[in-house]
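Both complexes below contain chain A, partnered by chain B and then by chain C.
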Partner chain A sequence: MTKAYINGISCISAQNTIDDSWFFDSITPANGDYFSAIEPSYKDHIAPNLIRRMGRAIKMGVTTANLAIIHADAKKVDAIITGTGLGCFEDSERFLLAMLDNNEQFLTPTSFIQSTHNTVGSQIALIMKCHDYNFTYVHRGFSFESCVLDALMLFEEGKETILVGGIDEHTPNFVTLNRRAHKLELQDTTKPIHQSTSNGVQLSEGSAFFLLSKYKSDKSIAAIEGIKTLYKPKTSEDIFEKLTAFLKLHNLTLSDIDVTLMGFCGNQHFDKYLNDLLPKLTTDTAIASFKNLCGEFYTASAFAMWVATKLIQKQQLPQSIVIAGSEPKHIKYVLVINQYGGVNYSFMLVSQC
Partner chain B sequence: MDALIEKLKKQIIEQLNLAEVNPDEVSADSPLFGEGLGLDSIDALELIVLLEKHYGIKIEDPKDGKVIFQSLRTMAEYIKAQGKG
Partner chain C sequence: MSQRVYITGLGMITALGNTVSEGLLSLSQSKTGIGKINHLTTRYKDEFLAGEINLSNKDLADLVKDSNPEYNRNTYLAMIAAKEAVIHSGIDTKDGLRTGLISSTTVAGMGITELYYKELFEKTDHLSVIDTHDCGDSTERIADYIGNVDYVTTISTACSSAANAIMLGCRMIKHGQLDRVVVGGVDALSKFTFNGFNTLMILDREWCKPFDENRKGLNLGEGAAFLVIEGEDALLKRKGTPLTEIIGYANANDAYHQTASSPEGYGATLAIQQAIAMSGLQPSQVDYINMHGTGTPNNDLSEGMATVAVFGNQVPKFSSTKAYTGHTLAAAASIEAVISVLSLQHQTIFPNLNFTTPIASLNLTPVTELLKTPINTVLSNSFGFGGNCSSLLFKKV
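Up next, the complex of A and B:
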């Protein structure tokens, strides 16, 4: 499959990632059992007449998409592909609450229009005046992965520049409901996340966008070599077997991987297979975690890809994310192994270019 | 009439999330659409709902909206004419 060159990136997350100079310093802790995104002043990025109708997911998505395009100095894109697990949740909630509060009367159009999952992609297209391919994947823990896979296939079909991103937001009600369902739990930050014995995660939100190109240019920061998704693998051996085959497909073995970013979420049950894999990986690569920084959400893998790209760009592995293995001398290949809910597993391979 | 115009101004700013708009800078006679507040067709639907929700006025023919929603004053006059203000 064709590789994709990453020419521009931007990320809003629970850390100060919107500041391009931020590199794993001044780590912001969670608000107990959940993280909130550190958001910029949107007035600096979006026209006031557009902002007033946008929920946070749309503002985060449009801002990061815009910045990724600016970083890549791209004049146009051939496709816009967005991934989201929850979509524009704030507006969905607003619309449904208005329905309840007003006894299904006096429903206004704005929050309904803005509540659909593809609103972020469509707003980006409207702002960019892009009439080309526009698709939104809502595949729970595979939402962002599906975007990347689609982009790689579109490059094979002749597209040259594609904007890809993952966005999710939470609301106070969503946090409360997850808390009542015992899905959230305060993590013991004195221990690395993979050693957590908790039964919950720290919920979070964010947006990361990538301007991908079929061709390498002086703007290229890194390249996406490939992606693989695994739904409900039966054993950790099954995952390891698929991982070895995935690397072989790219003429690589584990010893070629410089850093492996693993999606430990803090829930000991969901993290079991990743913990089982750990001894098989640590002899060959440095292992790092990312959800201790960004928290857990459906498109946390987009944050992981942002981290992978940054590590390659900076050629440094910050101690705040290392959980095992030794620091590599050079970062050529970064492997992301993510899991969501112990159900959705994925591998993404990012390389220096 | 002036009190109703002020009340409408605040309701519109809140309903349409016009956080950037300073209420003191919106005059009773400046156009709501195009120039002036720069509202659009989605806002027109919001205004129809606003009249129904807050004043119990249902606009049956959308064409009437062009006249009613010209400015804050025309809105207020319409509400008064319906005996609701």
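Up next, the complex of A and C:
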């Protein structure tokens, strides 16, 4: 499969990633057992008449999509592919509560219209007047990964410029319900996340978009070499075997990887296989974590892709994310190994170009 | 990239029946599945009609032999249809070939979330519904029900969802990512979607009348349909039998309005044109169109305009089957793909029900009587909120 050049990126996350100059210098801690996205002033990015009606997922998505396009200096896109595990939950919840509170009466359609999972993708298409390919993936920890795989296939089918992004939001009620279900837990920040003995995660949210091109240009920051998802692998050996095969497909071995970003989430059960993999990886590559910064959500891997791109761009590995190994002299290949819920595993390979 | 893709298995549960053969029987008798609402809890149950499957959630749980106390209608419908498709195709997911599952839904777990949402904040009995709320949940449960699935994902592009699942499945086979894929969509009726469509004022209180001048709106329906699609290599290897070939598909965006279609049907025109172009056929070689035809004033006019834009004064025979099943949203395109295959297999066009007067500005008349006629190709359209427009083109084998 041909690689995809990353020509523009933008990210809203629990860290100040929306500020282009931010590079792991000031770290914003969680609000206890959850993180909230650091959002920009949307009026700088979206027309005021639109902002008023948009839910947060839509605002985060449209803003980061727009910035990725601007950074890449792209004139048009041939496809818009979005991933979201939870969709526009704020609007869904608003319509749901209004329906339940008023016994199905006096409802207005706005929040129902915006509750549809493809709202972010379609709003971007509407704003850009893009009549081309438009897809929305909604599969848990594969939502963003599915977008990337789709984009790589589309490049082979002749598309040249593709916008991909992952977006998820939470609401106060959603945080409360996850807490009541014992899914959330405050993490001990004095220890690295992979050593966590907790039984919960820090719920989070965010949006990261990437303007991908089939061709390398002076805007190209890095390249996506490949992607692979694993559904319910049976053992960590199984994951390692698939990882070796994945790297081999790209004529690489583990010793070629400079940094591996691992999706430890703090829940010791979900993190088990990644911890089992660690000793096999550490001899060859520096290992870093990212969910201690962005928290856990369905599309956290989009944040990881943003981190991978930044590391390659800056040629630096900040100590605040390193959990094993030492800083490489040169960052040519960054491998993302993510897991969601101990069920959805993925590999994404990003390279210097 | 040149591998041909065939449909080899069908599974469908709708208001027309719990299996493909029950559905075919109703279609052949021009019998609608739309009627009075019995199972959905809504204050409007006596005011509107729906294409509801006449089984309680408990009945569905029994059908899939599930003991989960949270009866998630959406998941059960999907499991039933996916299993039927897999059995029908005769594939063995343990034979070493790579099997994918690509599902689609819009309502996901909302049908159960809406029953308990308020009490989740006070009681703990139903807290597990937050694990079944998202779209991926039903897909993973289908994957585990089928077993040995190498790739799973879920698509949600409103009412075009399942068309995109079918399209993605074809592409993954052609790219050598998978050997075969179980593709489809599901949406069960929920109070949430029912009220949503009601606030948009696009529900007809009587039977919907697709492509009729006096059409007033759609009837909601529910259901699931899955198809097994296989690359020719995999099919040869296991000596399977193809039912139909998928020769064209396209995805475009209307980029006009979040919920309404453009009056001229620009996105729809693009999708239809590109799907036909991919097949290498001329528009004149399309024998029958299974229309999106929801019965809303906006959709049918827009789709009609797009049809005329592509086919000019040689519009093929067409009908909408929404008046049989109701509009099943994310499942609509896979249900209509199954119906398209049945049309090709039985060389039969299932008529457009409830039609009397053509739309004045278009003067297009659908097939209104069961028609036995030679059909080599069927085009199927699906359009959704967010401007998502998809078309699929099927060919007799």
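We take it that the second predicted complex is superposed on the first by the 353 of 353 C-alpha atoms of A that agree within 3 Å, B and C clash if a C-alpha of one lies under 4 Å from a C-alpha of the other, contacts with A are read in each partner's own complex, and residues count from 1 in each chain.
Just so we're on the same page, contacts are C-beta pairs under 8 Å (C-beta built on N, C-alpha and C of every residue); 3 or more make two chains touch, one makes a residue touch a chain.
Here the structure is a predicted model, which means the values were calculated and not measured.
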{"item": "Which of chain B and chain C A:Phe23 touches, first, second, both or neither", "value": "neither"}
{"item": "Chain B versus chain C as contact partner of A:Pro109, first or second or both or neither", "value": "both"}
{"item": "Touched partner set for A:Arg52, first chain B, second chain C, both or neither", "value": "first"}
{"item": "Chain C versus chain B, contacts on chain A by residue", "value": "C"}
{"item": "First, second, both or neither for A:Tyr42, with chain B first and chain C second", "value": "neither"}
{"item": "Shared contact residues on chain A - chain B and chain C", "value": "105, 107-109, 113"}
{"item": "Residues of chain C touching chain A in the complex", "value": "1, 42-44, 105-106, 108, 110, 113-114, 117-118, 120-121, 124, 127-128, 130-131, 134-137, 139-140, 143-144, 149-158, 164, 168, 171-172, 175, 177, 191-192, 195-196, 198-200, 251-259, 266-267, 270, 384-388"}
{"item": "Residues of chain B that touch chain A when the two form their complex", "value": "15-20, 38, 42, 45-46, 49, 52-53"}
{"item": "Chain A residues within the chain B interface of the complex", "value": "48-49, 52-53, 102, 105-110, 113"}
{"item": "Of chain A, residues touching chain C in the complex", "value": "1, 80, 85-87, 92, 95-97, 99-100, 103-105, 107-109, 112-119, 121-123, 125-126, 128-140, 142-143, 146, 149-150, 153, 156-157, 173, 176-178, 180-181, 229, 231-232, 298, 343"}
